[in-house]
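Below are two complexes that have chain A in common, paired first with chain B and then with chain C.
And then the complex of A and B:
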């Protein structure tokens, strides 16, 4: 009995998550998202994946006791994971739970029982648990390949709705169009597509391990190469292709996807700025949205007809950046003596003050109060023109604002990258690691921290200025605490202090919820879950910061943290 | 007291530091002659590290003056200003930047000797590039000097204990000090490493012509290296002089040598609690090295003796 308990506990936890997902409406919502056309919805995957994961965890935990023990633990986990949903159905059918939980209706119970009965629920969960347990016992490379393939199928299926409009841009090119429509059905991927994608990713993952090792090696040596200024032809060509690709991207993917890219870009800009403050200098700033708001409002006031100024964007932008920097210094001076939690609380207050000021009636004649400022002209317009393959294109606003966003993102990456590997970047890191020692080495704490605040603020100001022209209006309500939290979370997710980590974090945190509309109701829940899981399993972030390397490149530095985490 | 015309490297006059009701240092006078090697010794809690903290500006003494090269009063200056005036230090419980590489630790020490401004860095001007090249080569030279050649790309936390001590000295030297304060540089080292460290400190003085003052518990180190010893107890100077003079003073034997901990470098004393840092990287290693057979106090010296 006692030997069965660990597996049962894991299973019960998985079952509890199923119940939670059911009661908050996730199960119902995900049923609308087809992954494999006419076969699988996201709900099916959720209901199978949870017991399967429980089975895998239970099996791995029991595996020291032998294969038989592991499989029986997985079976126990499968059985246990069916218990909470079964109880929910049992209770729900006798008592009117719907008074408390809107979603707890007959449909939900039918879904949980797979439209048949308790036997089906238990049968599926036991089978899933056993399958999960069996996969966990496979050799590492095969196991990983299976997981990669499954994730690829699910991701592609979930995004099918988004990829189809992009595909329709390529109706003229038979190869792309025919392959595309063969893989992507009306909803989700076709069954043929599933097989092809699964097999392809499985094989690539299985055979790709050496390539990944080389990639890891390249990662660790990249800063060395950057430092010694190695400029090979391959590097230059890579840069050229990337830049060219980025320049035509809006027309490659069409106007709705580029809207998401714009949003990601704005968050990258803010993330890079906050990464200087929090990641480099270690100053926890929860009021970062204030600088974003200041940038946006400055552009709004100066360029919109609201006050009759109607200055051009090129004039308003430097003013916006300057205003953000001044605000950064003003905030910086009084809070420099505080640390950690206290600094976080003060900056949190500052962020709210700015928002409330913008909303106040006192400043209504300048800032528009709750009604905000509207009719802000776009920052950049492209006329209609012709492209090969695509023919005549008439860019939509999201495709136009993409260019200034791209430009400023590139500038911001360059600035942060230069600063990181400089005297100032090192001073920031020193202040983060040990303020007292940093001062003892001749680093002026006041100046160093103010510079971090001001640089971070300037990037947020840029982002704000761009968002004002992108949306065409500014309202106090769009500058809430949640923006600061989002930016902070994306830094933590990507890896505190890591520049590529900002990109990864923004893609995961901003792009994914936009791409998967069905998830958007549960966005904050998923943020929280992702953060908890990240902190437990990979606290250094998805793409951790690396230290500078200045020694001879022939001895690759060992990075013990990176190896242990994967 | 030296009757020469050249001012001493450091002159401490009547310095008093109190924490609430506790007087950590009471009216202390001390002179460190130019290019000398001196030691401050005394039992745990005598105020030795507090004295270092007063000199480097981490604490502000209530009374007294600390004169660098006879002119500059360090009292009330900020630590970074004092560092730029040429005072550098190491810490009793090694305070490196553990998540940065060895070479980055040294490069941070170079901070005040570099001058690139934010715009210059962003624009990557020729002066910035040249300065950065200097920073890298100078750091390599310093790594070499402290015996860490080729280890620059290791994270500081992954260095062995003795290397961490040496790296900390290298980082202090990067500020180009004229006065170097070493807080228990041989703490946790085995006899072999200790004698290497003694040679290294002597060489530093000879090669760089700097003044060195150390806090040390290991009497073999103190007696072999120091030209001058200051003995502190309960915040007061109870003796001063050459090793021979100090060794023979009855009050020193009473207050310090009698405590039985002479031969040992003990675990962090209470007077440095403020500078204690949780999670010091190689705690276990340190204590392993510390516990040598002659560490145990002689049983005859009970508190009443």
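And then the complex of A and C:
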């Protein structure tokens, strides 16, 4: 009996997660997301994946005991994972659970039982568990290839709704259109597409690593000069292609995807800024949204007819950035002596104060109170510079905003990158690692910290200014703590202190919810889960910062060691 | 920086003087404000105790404590709802034939008993939540650099908020009114609403119990030992893991109890209700001196009164329109002031020695 317990425990956990996901409404919501057209929805995948993962974990745990042990553990996990949902249905059908749990309705129970009954539930879960257990026993490369292939199919299916409109732009080109529609149906990936994509990704994944190894071997066999030449060429070509691609992007994809890219860009700007404050200098600023708000409101106040100023954007932008910088310094001064948790709370408080003030009646005549400021002109095209290609529409089409955002992102990346490897950047890292030692080395703590705040604030101010002209209005409600948290999760996911990490984080956390509306209800829940899981498993993020030293500088700032008072 | 603090204080004094001299409010009204502040502050104090206990032992802010508070309060709402219905209404709701039933709801016939049940239930739910949090999210990270557990706590906070939103819905639920607690009583010439009296009374009882627990029992002694020096306490044979678990449990239970009291005062619960009280309770804990149990109680009361009396007292005097909008800003402002003038809090910090 005790032999079976580890597997059962994992299975029960998976079942509990299923029940939780059902009760919060995820199971029902996901049913709207079709992955394989007319065949599989996200819910199906969720309900099968959980027991499968449980089976895989159980099998892996029991594998030292041999294949038989592993498979039986997986089977046990499968059975166990069906128990909690079965209990839920049993209880739910006798008692009025829905008075308390809003999602516990008859539809949910039907879904959990696959529309047939308890046998179906147990059957599917046992089969999934066994499959997961078997896969876990396969050799590593094959296993990884299977997972990659499955993920690719699911991802494509989920994004089919987005890719179709882009495809239709190329309707004229038969090759693209025909293959595209063959693979992507109206509502997910087609069955043909599933087979093709699965096979393709599987093969690529299997042959990918060996191919890369062979390339590396070839590379190291050449002379040192040739090596660095190749590397530089590769890097240069990469940059060139990326920048060229970015420049023509609006022409390649439709206006809705560009809208998403705009949003990603704005968050990249903010992410780069917060990356400096949190990642480089180690100051956990939870009130970051305040600078964003200040940038946006400054532009609003200066350019909208609200106060009668109606200055051009070119003038308002530098003022906005300056205002944000000043705010950054003002915020930085009282918190110079605080650390870690206190710093986080105080900055959070500041962020909230700014929002409360913006919303209050006290400053209503300047900031518009709860109604905010509207009719901000989309004047970032520098007056006469509007691109005739997209036409002059009010509000400006997303393609037009794209170029200023792209420009500022590139500037921000450049600034951040240069700062990182400059004296100031090293000073920040030193302050992050150990303040007292840094001070002992002659680093001016006050100046360094204030510069971190100021630089971070300036980038947020930039982003805020852009969003004000993009959206055309500013409301205090849109500058809450949520945004600070959003940016924080973004850089944590990507990797604190890592510049490419910001891009990864922004793509995942901003683009995905936009693309997959069915997730939007659970966005913040997933953010919370991401934070916890990341901290528990991979605190250095998905694309960790490379550090000048070979120490563990990738992790969020370590606390000073023994003896240092904080 | 000192200048900023002095300027702020000057503004406060000036504003207060103006309001008082203008005589806009009678003494009775001021007393109403104060009593309201005390009852609200009691709730903050109970929540603050959770923060301070955990910080004293682990030197971390349990950012998700506000959600522990919310979890208990929100779940208990359903129990309260159920107990506010008489047997007859329940039968009618289920379309059962009207047999011999009582037309009196338990909440009406035995209000104090029902309240006790609610408090105990809420405390249990919150306790369980706190324990799960500690076990899953905090224990594995106990030795990690300090920022990591903090970020985890933030993540846990959001996760809990939206889980409860998914479970119970995003609407605001109204706590059932307790008929026996309508009206006010006069105590030493001061008018106190019955609900406020119950809240203050319950809070005082719980705080006294906690104080005795921490000071007089062996477990309390263990908690104090671990919060002074974890390693040495372990050497003395104290089970550190268990003690930390108990600390979280106690803090959680108090927060849960506070949840029911909150429901009594404000009459509503919703998934986001933990955020502001959580922040304010933390401010209160810092005010009193983080890690300091009497400090947290004092801080909570002080904050409650400041929030209640403040807007009318000095903001109005300064000519601020709709001063009560800035009520929350007062709490944050207090935090900043404390950290400028007296960072160790009113009664002094009490945190573990860094090894």
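As a convention for this text, the second predicted complex is superposed on the first by the 502 of 566 C-alpha atoms of A that agree within 3 Å, B and C clash if a C-alpha of one lies under 4 Å from a C-alpha of the other, contacts with A are read in each partner's own complex, and residues count from 1 in each chain.
Quick note on the criterion: a residue touches a chain if its C-beta (ideal position, glycine included) is under 8 Å from a C-beta of that chain, and two chains touch if they have at least 3 such contacts.
It should be emphasised that the depicted structure is a prediction, and the values quoted were computed from it without experimental measurement.
Of the two partner chains placed by superposition, A:123 touches none, neither chain B nor chain C.
Judged by the touch definition given at the top, the superposed model places A:455 against chain B, while chain C stays out of reach.
Of the two partner chains placed by superposition, only chain B is touched by A:443; chain C is not. In the superposition on chain A, A:434 contacts chain B only, with no contact to chain C. Annotation for chain A, partner touching more residues between chain B and chain C: C. When the two structures are aligned on the shared chain, A:415 is found in touch with chain B, with no touch to chain C. Residue contacts after overlaying the shared chain place A:424 against chain B, while chain C stays out of touching range. Across the two superposed structures, the residue set of chain A contacted by chain B and also by chain C is 555, 557-559. Listed in rising order, the residues of chain A touching chain C in the complex are 20, 23-26, 99-103, 282, 284, 286, 333-334, 337-338, 340-342, 344-346, 348-350, 352-353, 356-357, 359-362, 481, 485, 488-489, 492, 521-522, 524-525, 527-532, 534-536, 539, 555-559, 562-566. Partner chain A is touched in their complex by these residues of chain B: 56-58, 78-80, 83-84, 88-89, 91, 95, 97-101, 103-104, 107-112, 114, 116, 118, 121-122, 124, 128, 131-132, 135-136, 139-140, 150, 152-155, 158, 171-172, 174-175, 275, 277. Considering their complex, residues 1, 4, 55, 60-61, 78, 137, 140-141, 144-152, 154-163, 165-169, 275, 279, 282-283, 286, 320-322, 325-326, 328-329, 332-333, 335-336, 339-340, 343, 354-355 of chain C touch chain A. By the touch rule above, chain A contacts chain B in their complex via residues 227, 414-415, 418-419, 422-424, 426-427, 429-430, 433-434, 436-445, 451, 455, 547-551, 555, 557-560.
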